[in-house]
Every structure is written in structure tokens, then in C-alpha cells.
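Following this line, the structures themselves.
Each of the two complexes below includes subunit A, the first together with subunit B, the second together with subunit C.
After this line comes the complex of A and B, so read on.
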């Protein structure tokens, strides 16, 4: 009797262990194994298809060719950096010598004007997209809050927002280019015109999702919370700071994430056409260059663009988790 | 003794009454013309009085409260607090909302602090404010969870913080919109006892909306029973002269308590029986109920 009970007990313990193992196994499968399998299948299909496509620039690049280009792009970058350091060292030595000869000599330092490497271009793109996005946010969030608070303003501006929202950056670009050339005239420009053109184009396109989401977030605040504010007679600014802004932070962040995604997409197109140094220009230059390696280098850029876009979204998500009180709104 | 004609009441006490709800009508615009929610609601409230508004849902109790709070503006008539017209919300008429309305991103302490900072911005020093916030949270027995956010505390606790926030404004009138409506029966009883303790200490002027007959009798000095809308108005007013402090267990056997209770029940379930409810459930009683309502109208 007791023996059978013990057996049953042992069996059930075994069963429990099996279940626990299974659930751990399932977790590992879902989080690691399946994505790896997915990527492996994609790479296999890519490399098979690539082999059978022949372009005027040679075979379409497969994964191998792209990886090779990553290495060569990195080598080019380090080589360029070495050249730059060498240049500055030479310049320093030269200046020191001149100073020795003539103590009154005013030291001139010239910047190295070598070509921009892939890494430089990634950095430029990141700077441009961040500036463009911030400019858009500075305009969009206050505007959205105002529109959310005032039904009249919302009715007045909503058609404009709806019409401008679907406009492609390519349509804005010629206008912005001409506008920047006409307005931004300075002998000693702080930033280049092409940078400004891409920045404004990015802002123009990433403005709208933020305006819409912010205004919806503000206008859908629980009326009880607004009544609390009314009972307390909070002044407008305090009301916005203490009630409206925190209450609509989840929606504002949703808008910001959408906008950052749009901004990054638009940036590549804008850089291609505005010839602003950056990933877009890199792609365009490689395309114009037309060497046998060009397609692989472009594909490398595509991978980097995708990866950075993904990272930017994750950074925004982390920021949202940090700032927002409503943690459930900051899920993936 | 139990039923007063509100008209007569007006003539006697309109002067110098503490809170005067003077013949208010409320119309809401709808796509099919205006809807008259309230008609000729007239009520005078003395300082330190605890008033309950009771009636079926949709009868405009909340509308009355919102007009006193200043959130709605009456179409006709008006509200006078200490002979000053009420035309906007203000902290001297603090509201305890039905679903607590705490700001979810602030702790209990910060929620009360927001009110105290606004109301006593210049009158209190920093330490005085801190003491005052803590004092009010202690009053509702929430000092142990001062630094928790609303999503970390229970429904009853949230409502306590809501009450603390309202009390911290030191209001002339405390307006409560079904403050315990969303709570379970045990928590509600507990909250009622707390409210009685607080009331004993502060003797506030309170208007409370409730659906709960026992709650109304237990807490109030007067129970205002409202007729069904549209054109809802005050049906009857019941004076509750039970001595304080009141104890729910002792009262359960008290004949006066039970008489008051059945008065309210009679008003709600015989005189003002909801017509829609009957339509759904018992078509046979409908005719009878309708005649009662009609009789009421004739009497009025």
C-alpha cells in the first residue's frame, strides 16, 4: 500500500519535473531558437537567390559578399583615421618648427579633409535624424497639447494636419532645398546647407504623427482628472504641467516612436537627394560608382540602416519606460 | 414632521442661509432639442449639516452636485454659498469623486500635496504644509501608505486618499458623489464609520449622493429624495433626528431608524418606482406604478 503510494508520489514528482523542464525548453525555443532558425532560413534563401541573379555590376551580393564588405568598410575606416592622425602629427611638427624659427608666428591649424568613411556617415546620419526629430518634437508636442485642449483649434488645424501627413519627403525636398538656399545665406555658415535641407525635410515628415497622437492623448484625458484640476483652480500652466502632460505621456511617446521611425526612413531618402553626408549619400555614391563591389556595399548599408532603426525604436521604448507612469503602455 | 414642503422652507430661510440652492433648472442640449434634467430644485442647507441625495440612477443627483461644485452651470436659478453666487469650481467646494480620481502617477502624499500646494500656497510654510498633508492622511488612516501610488493600494484606500485630498482643502462644503458606491459592503461599512468619526471631529457641511438607503439614514441629518427624471426635482425631504454618535449595530433594532429606512424605501420603490425597470421585468405592475406616479404629480 505504502509502496504504491510512494511510487505514485515519485511519478508525480517526475511529472512535475518534466513539466518544469518543458516550460523552460519552450521559453528557450521561443526566445532564441526560433529567431535563429528564421534568420538561418532567410540567409540560405538569400544566398541561393542571389547566386542566380546576374546584374550589369556582377552577381547580386549574397550574405558572404556583404560580410566581406563590412570588413573592408571597417578597414577603410581605420586606414582613413590613421591618415588623419598622421596628417595632424605632421602639421604639429611643422608648426613647432615654424615657431622655433619665428616666435611671433601665429599657429594655423587646418582640419583634415579626407573622404568620409562609412562610420562617419553613420554618425552624420544619426546627428541629422536626432536634430530633425528634436526640432519636430519641439513644435509638435506643444502644438498637439494646445490642439488637444482647444476643440476650436483642433477643428481649425485638423484638415491641415491630415493633408500634410501623407506627403512624401521626396515632394518636400525640392521646395526645402530652394527655401534653404534662399533664406540661409551666410558667409560663415555654422552648418552646411545640405544638412539643413535634410534636417528640415525630416522634421516636416515626422511632425504629424506626434501632433496627432499628442492631441488625441490630451483630448482623451479622463474628465474626472480635469475636474480635479478645475476644483483646485490650477492655473493653465500648472494644469498642463501637473495634469495634462503626465496624463498624456503614454500617447505622446507612442507618437514620438512612430515619428522617430518615420524620421529615420525619410532621412535616408533626403540624404540621397540632398547630398548631405550620411548613409543615404553613401548608398547613392555607391550606386553612381558602379564597381563590382557596390551592390554588396549598398546591401551592407541596408543592414546597418535596418539595425539602427531597430535600435532607435528600442531606445525610445526604454526612455518611455523610464518616464511614463503607465508601464503597460510601454510594451513592445 | 418628516415631509416638508420645500416652497415653505424657502420663504423662511432664504436670508443668511449657508448654502442656498435656489430654484435651479438644468437643460442639456441634445440632437432632438433640449432635455430638461432638473426642474425647480430648491434646497437650503445649514452650516455643519450632513445632507444625502438619494434617488434612482439618472434622476439628476450628480447634476445637482456638479452645479453646486460649479462644474455645470444651471440654466435657471443659481447656487449661493454664504450669499455669494457660485459660478465656477473652487476648492471651497471640494469634491470627492465616485471613482476616486487620484492622479495615477502621484503617490497618495503627492496627490494631497497638489491640493495643499494650490490652496495654501502662500498661507503655509513648507513644514506646515507637510504636517497638514500628513495630518489629513492620518485622519483617513492612510498614513501607513502615504508613499504608495494609487495602483498599489485597494479601492477603499484610494477613496480614503480622495477624501483626505478633499478635506485638506478645508472646504466650506464637502461634495461627495457616491463616494463608496464602487466598494464592497464590508469596506463600505468601514468607510462609513470612518466618515462618521471624521465628521464628529470636523463637523463639515456635506452633500453626499448615495444609492444606499442604510448609508443615507446612518450618516445624514436630512435625506433629500429626488423624483425620477426628466424634469427631476426634490420629492420629499426626510429629517433624521437620530442622536450622534450613531452605531450601526444598535440602530439595526432601533424603531425610529427602521421607520426612517422604510420611509426612504417606500419613496424609492413605491412612489418613484422606475418605469423602465417594470417594463423589462413585470408588465403587470406597470399600470399600478404608473397611477402612483400620476397621483404624485397631481399632489404636486
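After this line comes the complex of A and C, so read on.
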């Protein structure tokens, strides 16, 4: 009997090991293999279809052409950096000469005047979207909390929020442009007008999802929690800090994630239309150029835009997990 | 030491002082051009090959030689560009010759824009879609080798337009801006062939320019011309390079006539700045004009020998960005009409020859006459009015200062410039228009009477 029991025991151990192996294998397949297969199939389909599409600018770019453009964009970037170094050297010589002629001359080093490379434009876009998003968050979250706490304010502001929420950035853009150029007048501006225009447009569009989600999050807090706060007679600020914020963080972050996604999409469109520096302008310029490499370069930008959007979303998700007590709310 | 000696010494000191003073003023006189008041500048342009002087002045370091740190930025369309110059986000820009004139006059946005530098001559063409070309071609006289005789007149387009009219379809064409050279050139060509391009009536709020029109013209930004025609929205367009050669290259249309053939050596783009800028920063204005003159000269030097290098620069994505071959087609002295029909047009792009950079009053007045002809100026104006407005916008005085300092610095010889002592700013009466009408810039009203189609004295819509 004991023998059989041991056999059964061994068998079940084997089975357990098999199961464990299987689950590890499944995990690997799901996490690595399948995405790789998916991407491979996508690339194959892309390259086959690309060959059969002929535009007036030549063949539609396949994966090869796009990869080639990544290299050439990087080469252009390094070449431009070399030009920048030469520019600064020339400027130094010129400034030294000026100083010799006029000892009172205050030496001023000017930033490189050459073109923005692809890398520069990615950075510009990232800075703009972050600033625009932060501005929106600073306004939207307090407003949302207030609206969530006060039913009256909510009823008063809700129609406005609902009307502005679906407005496309492209509709805001002309107004923002004119507003910025009318209001922001300075001889030595700290930031450029185009930067402000993109920033405000991005803020205007990413504001609403945050306001709505925050106010819903706050207003749907369990009434028991609020009652506790009432019983303890917590002052408003402590109430918000101890009860409201922790309880509504998941919803607030959902709103923020939504908004960041919106902000990134809006930014590209705004840059395209307003010719503000950034990835959107890069895409538009290439479209206007209409050279035989333009489409591949645009495709390269599309890939980069997608990647950055994905990364931004992941970063927000990480943040959400960090600050939220309910880990399950932060789903992918 | 007695007192006479000390007086002698004192006198010596004084005389040394005087000598010093003289020598100092001497130095000041030879380098009369001061340091630029504003050193960091931003210039706008539209992606067209005739922006070349700005790109060359930058790439060859002419701006830096003047102590100017210039950023160059492409603009979405002419309206955005003009607004940029007006609101100060751009310090200056590559402009249509009509833009500073219209802005100063108050047609569209009112602002005092001036030009010290005319950027180029010619450089535009009219392109029609393949379909329209097929219908036009039988009406065009042929040479012995079967190729069409040039210049092609709009007479050959007229039957096509009649056909559209009978079918009740509008015949649409694109141009780049209501006060653009292209608008007036396209209108001139159409009207010379008996096709009415339509009137404007701004006093009634009608700025579409399609009153009585047989061909409906509308605005499309230059780089979008080929794709708009490809999409079938327009049947043809008038635009600068490389967007006509692009149509040949992409096989979507045929350039039929260049503006060189419509009006030989017509003035095209100008460099526009606000009057306030020129007043506030006089040295900067002269210095940037100097840099642009040098760039224009470089572009025409060695009998267009520098053009391939220029094309290489222009084909960079931050300038015009089209393929090298496309830009080279027109910049290096040839022009491809129908695919394979490449003809020599050495003066298709002129940047410096024939005093191309000098801002002639008579050039400004030609644009004004066309604005009157098509109703953008809705009432009769006196000859003096035309002359006063031209003098307000075109500023040969600034050009002269820049040119003279270049001569003094021995960078360009005096023989390359007009004789400033005798120059009046009015070119002698010009012929070589496609309809053989003479143009005398000093008599704008008399000129307007010569056209069969167009508003004349006393006409008001």
C-alpha cells in the first residue's frame, strides 16, 4: 500500500511540476512569443501591401524604408550637432573681436540658429505635452474635487463641461493663437508664442476628462466614509486629504490617464496645424516637401509617436499603482 | 622752462589732439554702418525655390558676417506668414510682391509693410491637369517636330472652358493667394486668351473674386497644389517652383506656360519687414539687405554655376525639401513642359541679373494696376495715388544704402548695381507681355484702358 501511495505521491509531484512548467510556458508565450509573432505577421503584411501601393511620391514605404529613414534621421541629427559646434566657435571668435573693439561690449552667446532635428522635435513635443498636461491637472483636479463635493456647483458647471468636452483642438487653435499673440506681448519673451499656443490648446482639451472623472470619483465616495468624516468633524482640508483624495484616487488617475492620451493626440494635431515646433510640424513639413523619402519619414514619425504615446500611458499606470490603495483598479 | 616753451608744448598737445580727432572721424566715416541694433532675427518663408536668397545668406554665412543670428522657419501658408510678420513673431519674410502693397493699402489685414529688397524675377508657371491638357493640345499650333509652339496662349483653353460651360460644370483653377503674383499672372494669361477670370468687389464684402468668372480661381497653399489637382478639386494652377515640375515628375499634369512668357522678367517675391522694424532697427535693416544682396549675387554668379550647389541646399528638408532632380529641373536653366519636352529657359529663375534685387516703384505700380483691373481696388485712383503708395512700400533708399556700403567694402563692384545717381525707380516702358501690350509704370490709368477685359476708368461693380 505504502508503495502505491508513494507512487501516487510521486505522480502528483510530477503532475504539479508539469503544471508549474506549463503555466510558466504559458506565461512566456503570452508575454513574449505571441507579441513577437503578432509583430512579425504585421511587418510581413505591411511590407507586402506597401509594395503594391503606388502613390505619386513613389512606393508606399515598407518596414525597410522606415528603418533606413531612422538611420538617416539620426545621421542628420549628428551632422546638425557638428554644425552647431562650428556655429558656436565662429560666434566666440566674433564676440572676441567685438570685445577687442569695444571693451564695454557685453558678450552674449546666442543659441544655435540651425534647424531642429528629429530628436530635438521629439523633445520639444514631450516638454510641451507635459507642461500642457500639468497645467490642465492643476486646474482640473481641484475643480473636479470641488464639483464632486458640492452638488450645487456640479449642477451649475456640468453643462459647460459637457459642451466643451467634445470640442476638437483644431477649433480651439485659431482662438488660442490670436489670444496668445494679443495678450502675450513682451520684448524678451521667456518662452515662445508657439510653445504657449500648443500648451494652452493641449490644456484646454485634456482638462475636461480630468474634471469629469475627478468629480465623479469624488461624488461616488461611499457615504459611510463621508459620514465618518462628519462624525469626527474633520475640517474641510483634512476631510479632502484624509477621506476624499484616498477614496477617489483611482478615478482621478483614470481621468489623468485618459487626459494624457488626449493631450498627446491633440498636441500632434496642434503642432501640425499651427506649425509649432515638434513632431506634428515634422510630419506636416515632410508632407509638404513631397520628396521621394517623405512618406518613409512620416511613417518613421508615426512609429515614434505611437511608441511615445504607449510609454506615456505606461508611466501614468505606474504612477497610479504607486499612489492607489486599490491595486486592482489600475488595470492595463 | 619759460612761458613760451610751455605755450609751444601746449600748442603741440592741441594739434596732436586735433590730428587725433580728424583721424577718428575719418575712421567713423569709412565704417559708417553701425552694429546691428537687433542681432537675433527670425525669418519666415514658404517652401518655394525662390526663397533661395534667404537660405543661401544663411548657409554661406552672409547673415553672420553682418553680425546677425538668423533662424529660418517655414510657414504653413501666406496668410500665416503675413500675420507672423505683423504680430512680430517673425522679423521678416519671403513675401509675394502684392502682400506688402495690399497690407499697406489695407486690403486684407492692414499693416505698414515695406520692402527694401526684391527677391527674384520670374519663376512661376501655369500647370493644367492631364485631362485638360489632352483637350487643349489639339488647339495648339505645332512645330515641325510635332511639339507645341510656345508660348501657349489661353486661346487654346477657351474651347475647353466652353465645353465645361455647356455641361454646366465649373472650371476651377488654383492660385496661391488673392494678392499673389500668381493670381495676377493667371488672370493676365486667361484674360489675354479671352477667358474672364472674375472680379472682386471688396466694398460689397465679396472677396471671392468670382463675379462674372468663366474660370473660378481659388486659393490653395503652394505645396498642396499638386495633391489638390490630383484629387480633382482643381483643373489647373499657377504656382512657383518646384510645384510645377513636381506635377511633371509625378505625372499628374503638364505645365503649359511660364510667367517668363507671360511677362518677360517680371518681379516676383520680395523681402518684407514692417515699417516699424525698419525705423527701430535701421542698421539691422541695412545689414540684412546687404546679406540678401550678396546671396542673390552668389546665386547668379558664374553664369548660374553655383545653382547645383544651391539646389542641394534647397532640397534639404528644412528648406524646400523636394527631390534634388525636381528642384534642379527649373533652377539650372531648363524647364520641362510635357514629360520629355525639356526646353532651355536660362532666365526662368533670375536672382540678381537685370537689377533683379532693386525694388522698382514701377513694379509695385504694376501690381496696383492689376488690383484695380480685377476690382480689389474698387474705385478709380489718380496716377499720383499709385505713385505715393508705391513709394511708401518699396524702399530703394534702404537698398541704395546697403548697395553703397557693399561697394565701399569692395564686396560687389558699382557696375553690378543700377546707377544710383540717375535711377528714378521707374523702369522704361516695358514690352514683352504675352498680349503685346506696353506697360509704362508712370501712367497707370492709361495702362488700364488698354485691356479688353478688366475694370476701367469710372467702372464700379
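Rule of thumb we're sticking to: the second predicted complex is superposed on the first by the 293 of 332 C-alpha atoms of A that agree within 3 Å, B and C clash if a C-alpha of one lies under 4 Å from a C-alpha of the other, contacts with A are read in each partner's own complex, and residues count from 1 in each chain.
FYI, contacts are C-beta pairs under 8 Å (C-beta built on N, C-alpha and C of every residue); 3 or more make two chains touch, one makes a residue touch a chain.
Keep in mind the model is a prediction, meaning the values are calculated, not measured.
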Fit or clash for subunit B plus subunit C once both are placed on subunit A? fit
Should A:236 be classified as contacting the first partner (subunit B), the second (subunit C), both, or neither? neither
Let me test your reading of the model: by the given contact rule, A:193 touches which partner, first (subunit B), second (subunit C), both or neither? second
Which one hits more subunit A residues, subunit B or subunit C? C
Looking at A:12 after the superposition, I want to know if it touches subunit B, subunit C, both of them or none. Which is it: first, second, both, neither? neither
Looking at A:288, would you say it contacts subunit B, subunit C, both, or neither? Reply first, second, both or neither. second
Figure out whether A:113 sits in contact with subunit B (first) or subunit C (second), or with both, or with neither. second
In the superposed arrangement, does A:225 touch subunit B (first), subunit C (second), both or neither? first
After superposition on the shared chain, which partner residues are touched by A:246: those of subunit B (first), subunit C (second), both, or neither? first
Between subunit B and subunit C, what minimal C-alpha to C-alpha distance in angstrom results from the superposition? 51
Pick out the shared contact residues on subunit A: the ones touching subunit B in one complex and subunit C in the other. none
Subunit B residues touching subunit A in their complex are 69-71, 88-91, 93-95, 97, 99, 101, 103-105, 114-115, 118-119, 149, 169
For the complex, which residues does subunit C have touching subunit A? 35, 39-40, 47, 58, 61, 64, 67, 69-76, 80, 83, 87, 89, 223-224, 226-227, 230, 246, 250-252, 315-318, 320-323, 326
For the subunit A and subunit B complex, residues of the former touching the latter: 222, 224-225, 227-228, 230-234, 238, 242-243, 246-247, 249, 325-326
Subunit C partner contacts - residues on subunit A that touch it in the complex: 56-57, 90-91, 94, 98, 110, 113, 115, 181, 192-194, 273-275, 284-292, 294, 297
